[in-house]
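The letters A, B, C, D, E and F name the chains in turn, as written, and every chain counts its residues from 1.
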Amino acid sequence: MNAADTAWVMASSALVLLMTPGLAMFYGGMTRAKNVLSTMMHSFFLMGLASVVWLFWGFSLSFAQGNWFVGSLEHFALTGVGADLWPETKIPGSTYMIFQCMFAIITPALISGAFAERMKFSSFIVFTLLWLTFVYAPICHWIWGGGFLQKMGALDFAGGAVVHINSGVAALACAFMVGKRKGYGTLPMTPHNLTLTLLGAGLLWFGWFGFNAGSALAANESASNAFVVTHMATSTAAISWVLAEWIIRGKPTTLGVASGAVAGLVAITPAAGFVGPVSSVIVGGVAGVLCYLAVLAKSRLGYDDALDVVGIHGVGGSWGAIATGLFAAKAIGGADGLFFGNPAQLGIQIVSVLATIGYSFMVSLVILSVVKAIMGLRVTEEEEVAGVDTSVHGEAAYNL
Amino acid sequence: MNAADTAWVMASSALVLLMTPGLAMFYGGMTRAKNVLSTMMHSFFLMGLASVVWLFWGFSLSFAQGNWFVGSLEHFALTGVGADLWPETKIPGSTYMIFQCMFAIITPALISGAFAERMKFSSFIVFTLLWLTFVYAPICHWIWGGGFLQKMGALDFAGGAVVHINSGVAALACAFMVGKRKGYGTLPMTPHNLTLTLLGAGLLWFGWFGFNAGSALAANESASNAFVVTHMATSTAAISWVLAEWIIRGKPTTLGVASGAVAGLVAITPAAGFVGPVSSVIVGGVAGVLCYLAVLAKSRLGYDDALDVVGIHGVGGSWGAIATGLFAAKAIGGADGLFFGNPAQLGIQIVSVLATIGYSFMVSLVILSVVKAIMGLRVTEEEEVAGVDTSVHGEAAYNL
Amino acid sequence: MNAADTAWVMASSALVLLMTPGLAMFYGGMTRAKNVLSTMMHSFFLMGLASVVWLFWGFSLSFAQGNWFVGSLEHFALTGVGADLWPETKIPGSTYMIFQCMFAIITPALISGAFAERMKFSSFIVFTLLWLTFVYAPICHWIWGGGFLQKMGALDFAGGAVVHINSGVAALACAFMVGKRKGYGTLPMTPHNLTLTLLGAGLLWFGWFGFNAGSALAANESASNAFVVTHMATSTAAISWVLAEWIIRGKPTTLGVASGAVAGLVAITPAAGFVGPVSSVIVGGVAGVLCYLAVLAKSRLGYDDALDVVGIHGVGGSWGAIATGLFAAKAIGGADGLFFGNPAQLGIQIVSVLATIGYSFMVSLVILSVVKAIMGLRVTEEEEVAGVDTSVHGEAAYNL
Amino acid sequence: MKKIEAIIKPFKLDDVKSAVTSLGVQGMTVTEVKGFGRQKGHKEIYRGAEYLVDFLPKIKIEMVVSSEIARQVVEKVASAARTGAIGDGKVFVTAVESAVRIRTGETDGDAL
Amino acid sequence: MKKIEAIIKPFKLDDVKSAVTSLGVQGMTVTEVKGFGRQKGHKEIYRGAEYLVDFLPKIKIEMVVSSEIARQVVEKVASAARTGAIGDGKVFVTAVESAVRIRTGETDGDAL
Amino acid sequence: MKKIEAIIKPFKLDDVKSAVTSLGVQGMTVTEVKGFGRQKGHKEIYRGAEYLVDFLPKIKIEMVVSSEIARQVVEKVASAARTGAIGDGKVFVTAVESAVRIRTGETDGDAL
């Protein structure tokens, strides 16, 4: 065991855990005051629920030896995952498992932005249980657990496809199936507390160093490169989103700087171990503008993805996966992309994007249809008007 | 010196430091708006006060060689605590000292939840000074500094007795001696800002990885196990508290998920180095339900422990200490508990719980009586009605 | 490469990055509700802007081999800064670069407290771009990049001069050039949300362990000492500020404990690698009182440094640099100060303070004059009365 | 002149505003209030302790208008704010003796 | 009909509500206000700068009731809100010309 | 007695308070309100979606005073609150039938 690597991956695991409360703040600030708790509850409850799923079968289905599609139940309840080194790393299996656990928490938490302010809490629980099992675990296995995309040579350093495309596409399915918020498009639905959203963005940026640089699974040069390009892509995306909106709408906004930063973090995620700093500036710069335009386009397309999971994670993640196929450089991460003379890699990346989109969308739709048929997906109209916080959770966020 | 271990314990120290601001948020959000600053002040002022006590005599009384009961003044003002390795570790003495310092900050900060919204600030300072000296330092010495409980073989990985039972029991003494808040039981005393409480819970969960996994004092397999079981017990407790209240009161709440998480963190603290992941799920699952019931019972018992320190830290810590005697497994931490064929360990754990409860309660009562006699414990009724923030601290939290 | 050192400096970089959102909270809570977003925007936008400057020319001008005054463009766009070890360290160049990047973000963010609630956003951007290039990079080079102050033997462990005196003095120039807020001295300008300020102070304290202990660039005894003295000076300053105001104004405040902590963090920054724990208590104790008095004096001096950058960073940083010349001890950091028999060091420290003050003040004034002439520095009076948030950024922080 | 005071459900504010603007009402003042009435409140639960919140969020609109149009305004407000569900609120009319526009010093009818 | 407007100390709200409910008052509207009067305020201190806050938090209750019971209501409110300490507040009575229940269109007495 | 109700710009509160205190007014009640009128609002932008906010923050001051000084108070308030810019606000006067000081039970003139 390498103590330094273990220390780094443990620290990274803590950082990634913190991203979920960070996300809760980021999302919570954007909802109306009457729904902030229910929105944060999605993230906080998942910190519990997804971990227990992970412990019992999620990790095993994702990472135990299996077939091209999914793992097995060999590591059910973490059997055989402990002090021994995880293959091809110098860290204990338990460290590897817990690092990955944090990814399984935040991915469904990201989706929850799509159905904020109206989802039924019990249906959310059932949906998530099924989704982690039938969508997250297989896709995770495809790319990181020895599945077919990994065998094909798809590059996804820290979860562009597994986490972001996956959650963005599932969010689209949710937005369709759950339907629009009452009054969407006519009532103002302005963020109720942007300081909370900014705080969340700050915690996400901080935690994401664990997400990306921790994915090197060692405290080495690769981790250091991932750290640098994560920061630089994020910085550039924060600026480029603000510049784009300043030009298009006339005002540079704080929600824009926060959203741009998240867009940059998303886009660099698959590329972090493969591209250098100057490339990362391009990846981030494009991500900021692209995701801003995607969010603007939403109102035209007419679905109500309340907190823009599709526009930021779906679009940003897809761009990142493709950008990895463009900017990857052997000197950095052992593989070349199109601009370094290897067009094949771009093809592989596109396959991984399409496979993820197709599978995640279809299976999410199926799960949602089943849940809808059995127990419904939304709170009642009366509960929605009164606010989900008091009607479902029996609490009011503020008594100032 | 082992650089990786030192890096890990320094990172853990920073994490544990952050728990005290996290606690300030967690507590502050639960008070009424007119008392939030005074509540947060307890935690923030202790970050200063307890550290200075620690530097001069607290660390020495806890960890310098002494007798069965208490250390000595050998390390007064940190004499002899510097670059040299701390015995039985590969980290500098200064690193060991500062890690432990963070525990001496948060323990009295935890107590402050019992007397929130009415304690006199000057009396709080005097109480804390005496309490750190006459309660914290001895109990810390008993268990970690070479005192009689350590010699008996009591297991307390990261502070179930030293930190949680100790603070929970002292909190009970405070609730008795300080008395109920004016209007308790008749006026509504609802949390004024649950987003603050959730943020605090998130920071506590994050910081607690330092608390528990840092207590291995090395970046090794034991730390990794502690990390994993901390996370899993917390996850389970967060869920089990919510399920319990959902069944009993009909609503799953965000204050419930936050409280459950803290209950799980507390309960796994003594056990973190000794039990495996499946056991941790049981430890956490029981903790969530048990602490919820303890909090419900409070209203029957009729003392006003404003922020439920007794119900969560007292009860959760005691359960954790006993659970360590049940679930400890030699394969994990070198000692077996009842369920692994060693009933003696359970006996030792019970002794450590009873000793901590008895000593902490009695001496806390004595200290409080002395402070009450000399300077009183409460603000005036007028100050209490107006709110402690403006009347004692001359500030209002919000001018929105 | 030493993996443990690399892990520690990466973790420290993440911690220092978090300080800027922390600062945004700390500052944002102190403004009026109508200007909180614009104030936080300064910090968040700089997380983007300063990083891009750093990547392209900032790092190179600061740290590439150059002359006594400034570096060169040798490392333009990070050419030659990657996996290879950075000279005299055991960490990759990329790790060293990103750690330093975080300092280049927070320094101009600190300045922004002086012109909060009235600065024009576009002028802020131009000012910052010029300031990083013509003020930050040279001074950084003088002290850490091989420039004349480093050659003279000036001691600045983690940025007393580079970060704090520098930003404090530039803040004074800004306060003069931008002018007072409308209504300053007659209208009440009370903090709108002190819980946000306390949260910010907590994050700053946490992140500062990376700032100071990370500046050892290794997970060694020096880092551990820096960690300890950082914590102890901060603790003492938090207490001493509160005691000073309690005596002078009759109330111990939470804004006082937060401000005192920051004053202590600032003062110990240059000294962290050179002084021992008992000295650190003196450094912090003096800092708390001195900065409190400096803030009180402001109202007499008649400039409107809105969030007290001069009083805390300018005064605290200067005291810290001088204190380093007093309390430095060879046994700790290889150099003695006046109290350990080496009066020459004090002289060198004073030279470094004066050089930083003189250069930073003059060049900041020149930059501000140029920006003022070309595009003006302030929002219009109407925008200021309405609040910068809605008028410049088109957003309202709170819709509760 | 009459002062028309309407207590309505918060999400009806925009409808009421448009309705009265069409009658030529050029100004109004809006306050967030809590209402107690026939509409029942909800329970809030904190760590198992239940609180009955019987004050519900409402919006109070105040408009001073000339006596001639007062009746019409009342009708428009009432119909715009109606959902038919309990808790829709009330409209009250009181007499106003005089009015001043601060900016210009104009009084009464001209001040509105 | 009369409108009874009471400015009271915040923690007396529940007492006043129970007192008037017992007289058959079925609705009221409550606003958080700041009061300035004989009761003195407090100083706030931020980094050493002192601000005198002479506006204190109060609650304003508005109830429209039939003229017959108005006097009784005023008395009940005043006695329920009394602590005897300075700052207890005031009760004002004004005439209301008409009232409408938005939900049903009922008017005047029936609307209350 | 008269109730004087003034809607003013928030930053004029202190000026108005001093102005009327000099006339012997000893109490007033202040509410944060939102005003809609000739003064136009601002646009807010969230992730590119624009919202027109036409309700602006204002302060409502209510003072009950004896009929004799009512006219003077109105003038003082209007001149203290005037900036000359659009949105300065209004002053309305209504009749008050009776007043009670809760603390003592004093009524009418003595209650103010």
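Keep this in mind: contacts are C-beta pairs under 8 Å (C-beta built on N, C-alpha and C of every residue); 3 or more make two chains touch, one makes a residue touch a chain.
Just so it is clear, the structure is predicted and the values come from calculations on it, not from any experiment.
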Set of chains adjacent to chain E and to chain F: C, D
Rounded Å distance, chain B centre to chain F centre (Cα mean): 51
Whole-Å separation of chain centres (CA-atom averages), chain D against chain E: 17
Whole-Å separation of chain centres (CA-atom averages), chain B against chain E: 45
Residues of chain F touching at least two other chains: 31, 44-46, 50, 94-95
Junction residues of chain B - those touching two or more other chains: 2-4, 7, 11, 190-191, 193, 199, 249, 251, 253, 255, 394-396, 398, 400
Topology of the chain contact graph, where touching chains are joined (line, ring, star, complete, other): other
All touching chain pairs, where touch follows the definition stated at the start: A-B, A-C, A-D, A-F, B-C, B-D, B-E, C-E, C-F, D-E, D-F, E-F
Contacting residues of chain C [partner chain F, same complex]: 183, 187, 385-386, 390-391, 394-396
Residue ranges of chain B touching chain C (in the complex, touch as defined): 1-4, 6-7, 10-11, 13-14, 17-18, 20-22, 24-25, 28, 36-38, 40-41, 44-45, 47-49, 51-52, 55, 77-78, 82-83, 91-92, 94-95, 97-98, 101, 121, 193, 196, 199, 392-400
Contact footprint of chain F on chain A as seen in their complex: 30, 188, 190-191, 245, 248-249, 251, 253, 255-256, 259, 292, 295-296, 299, 308
Contact footprint of chain C on chain E as seen in their complex: 44-51
Chain C - residues contacting chain B, complex: 2-5, 7-8, 11, 15, 32-33, 190-195, 198-199, 201-203, 205-206, 209-210, 213, 218-221, 223-225, 227-228, 231-232, 234-239, 242, 249-255, 257-258, 260-261, 276-278, 281, 398, 400
